[in-house]
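Heads up, the thing below is written out as structure tokens.
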Amino acid sequence: MLTGEYIAIGVFALIAMVFPVITFLLSRLLRPTKPEPDKYLTYECGLIPFGDARKPYDVQYYLFALLFVVFDVEAVVLFPWAEIFKSFGNITLLLIEGIIFIVVLALGLIYAWREKALEWR
Amino acid sequence: MKDLIMFLILSVIAVVSSLFVFLSKNIFRGALSLSLLLVTMAMFFAMLNAEFIAAVQILVYAGGVLVLILFAIMLTKEREPSVSEVTTSRAVALIAFVVLSLFYLAKHTWEKYVPEKEFSATGASVGTKLFQTYVIPFEAASFLLLAAMIGAIYLARRRG
Amino acid sequence: MVAELVDYIMSNKILLGISKGVVVGLFIILYASLMVLFLTWVERKVAARIHVRYGPNRTGPYGLLQPLADGAKLIQKEDIIPYAADRLIFTLAPVFAFAFAVLPFAAMPLADGLILADLNVALLYIIALASLSIIPVIMAGWASNNKYSLLGAMRAAALNLSYEIPLVLSIMGVVLVVGSLNVFDIVKYQTEYIFGIIPKWIIILQPLGFFVFFVASIAEMSRIPFDMPESESELIAGFHTEYSGMKFAMLLFAEYIHMVFGSMLAVLLFFGGWHLPGLGYVLSFLENFLSGFAYTVVKWAIQFGVIVAKALAIMFVLMWIRMTLPRARLHSIPTFYWKYLLPLALINLGITAVAVAVVG
């Protein structure tokens, strides 16, 4: 079942991608092109660029990404909980379920804090 | 009819982008076409009326896991893979593909996957299922996430 | 003739979807672009006033035509792609940056009944699409193959990972209060009154939630004090160091559209959307004079105007913050978000859940 809403989003996505391309083409008609080797050097404050920019980065970034994915999943799972919360029959049960879930993840956050994993070095 | 057309368009995008993931020699470009594949999967879910899953697919996979993969790429030193390495990994991928699709075809038939008309997975219907029928798995999931988090911190601490 | 055509389009789901996508989509892009042009002027004017300067005042009245002059300048600039860059990804990054910046607007109501796509999971869709905006930034940084660009992109990604969880959790507080992921329902909820006088805007019910949301969305717009991706004193221009001409303009557009998006979301979720005390009387007064379609158009225009006015007020505060605060250190930002804002968001969620369970 394909609903009209998703067709609308698809059409909008196409327009949103075509719009920048049109401006690029428009600017191609108006702009000068005067190639000169030095123009195409990587900008490094006027010095001759050295080495490769794509150096290995710190493992720190990866750790934060891992934490992020865990909490992202948590947030996503809690969305249905938040949505049905008001209209649910047994609201106390739902509250306890949700609180247990949040507390378990808060434990993880406390562990990360104590292990100094939240410190950006 | 329009569903079929849409399905075919999306399938072509999905197949081409997943082929590109594994044929591309540039690992960064491969990861980007993986993101295209993930967004296409979300569109498939949306077509099946599973709107909630579609949004989750984009939020968790394209927004979260993909950044994780990109960071993993940034972590490692970029180098040109040797010819034998490329051949080996492609052979492994091909074998895995054949085995998995045979396994899949043995267990399922195509007719099963015609979506039911009245089926819809919005946040509310997922929530009702999750908190009435599947409460224990839901709470178990929180412990799984906790374990994943502790493991990640432990590994990163030891290496860094 | 026109009425028949409209009826025919309304009856056909595919045609309705396509025409909605084209008409409302073009309107959103036009609105976002005009807003960006206006904002560049406002930002410079506000900055100038806070610095006790004049700001742009030569082109047109009050310098209002300055953005157009800037645009005319940018479109004539030579397009330079460095040798070291990955040409394809370098070109695609601004395209996706623009597309991902405007796409979240699709599920945002612009007025009562005016929306591009009315989804059940609208709020989740908005968050999901907004979370994608990091991908073009990493694309731009990596494709430039410039040390500053890549560093800017990595910082942007790290910042993105830090702010998103508190942002999502603060929005969840709103969902708890209203009990729906549909933004229409959320605004409708806010049109009621507490004790008959105070408008029931969610900021009154969720002050802590709004604080978390606001601090997180400053980072979402990558503005000072959290503008790590392009801290110009350290990284030249961050991930768009190598960009020039229209490609640069598109990245700039995307950034300002994030600002429009963030403040519009704040208005819809926390400041009552198109609701304004007394506006209902004006609308019912107008209804006496205007017939069906004309009334709808006027109503939409007024309600959209209310949203934009509220959003502009928030944007002014953002500019004020930018002019007042220094840039935070890189090292303190992820720590701040994970250690203080995330627990605060969790506490807010717990308090809200208990309150909703008790009050009902």
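In order of appearance the chains are A, B and C, and numbering begins at 1 in each one.
The rule is simple: a contact is a pair of C-beta atoms (placed from the backbone, for glycine too) under 8 Å apart; a residue touches a chain by one contact, two chains touch by 3 or more.
The structure displayed is predicted, hence computed values, not measured ones.
If the chains shown are joined wherever they touch, the resulting network links each chain directly to all the rest.
Averaging the CA coordinates per chain and comparing them to the mean over all protein CA atoms picks out A as nearest. With chains reduced to the mean position of their C-alpha atoms, the one farthest from subunit C is B. Two chains share more touching C-beta pairs than any other pair, namely A-C. With centres taken as mean Cα positions, subunit C sits 15 Å from subunit A. Spacing of subunit B relative to subunit C, judged by their CA centroids, is 28 angstrom.
For subunit C, the set of residues that touch two or more other chains comprises 14, 119, 124, 142, 154, 157, 161, 164, 181.
The multi-chain contact residues of subunit B, meaning those touching 2 or more other chains, are 2, 52, 56, 59, 63-64, 67, 71, 74, 123-124.
Counting partner chains per residue, subunit A has residues 3, 6, 52, 54, 57, 61, 65, 67-68, 72, 76, 79, 83-84, 87, 94, 112 touching two or more of them.
Looking at the complex, you find that subunit A touches subunit C at residues 3-13, 15-17, 19-21, 23-24, 26-28, 30-34, 39-45, 49, 52-54, 57, 61, 64-65, 67-68, 71-72, 75-76, 78-79, 82-87, 91-92, 94-95, 98-99, 102, 106, 109, 112-113, 118-121. If you check the complex, the residues on subunit B that touch subunit A are 2-3, 6, 43, 46-49, 52, 56, 59-60, 63-65, 67-68, 71-72, 74-78, 115, 117, 123-124, 126-128, 130-131, 135, 138-139, 141-143, 145-146, 148-150, 152-154, 156-157, 159-160. Subunit B contributes residues 2, 26, 28-29, 32, 35, 39, 51-52, 54-56, 58-59, 62-64, 66-67, 70-71, 74, 120, 122-124 to its touches with subunit C in the complex. Against subunit B, in their complex, subunit C makes its touches with residues 14, 86, 88-89, 119-121, 124-125, 127-129, 131-132, 134-135, 138-139, 142, 154, 157, 160-161, 164, 181. Interface residues of subunit C facing subunit A in the complex, by the touch rule stated above, are 13-14, 16-18, 20-22, 24-26, 28-29, 74-85, 91, 94-96, 98-99, 102-103, 106, 116-119, 124, 142, 144-150, 154, 157-158, 161-162, 164-165, 168-169, 172, 175-176, 178-181, 236, 241-242, 245-247, 249-250, 330-335, 338-339, 342-343, 346, 349-350, 353-354, 356-357, 360.
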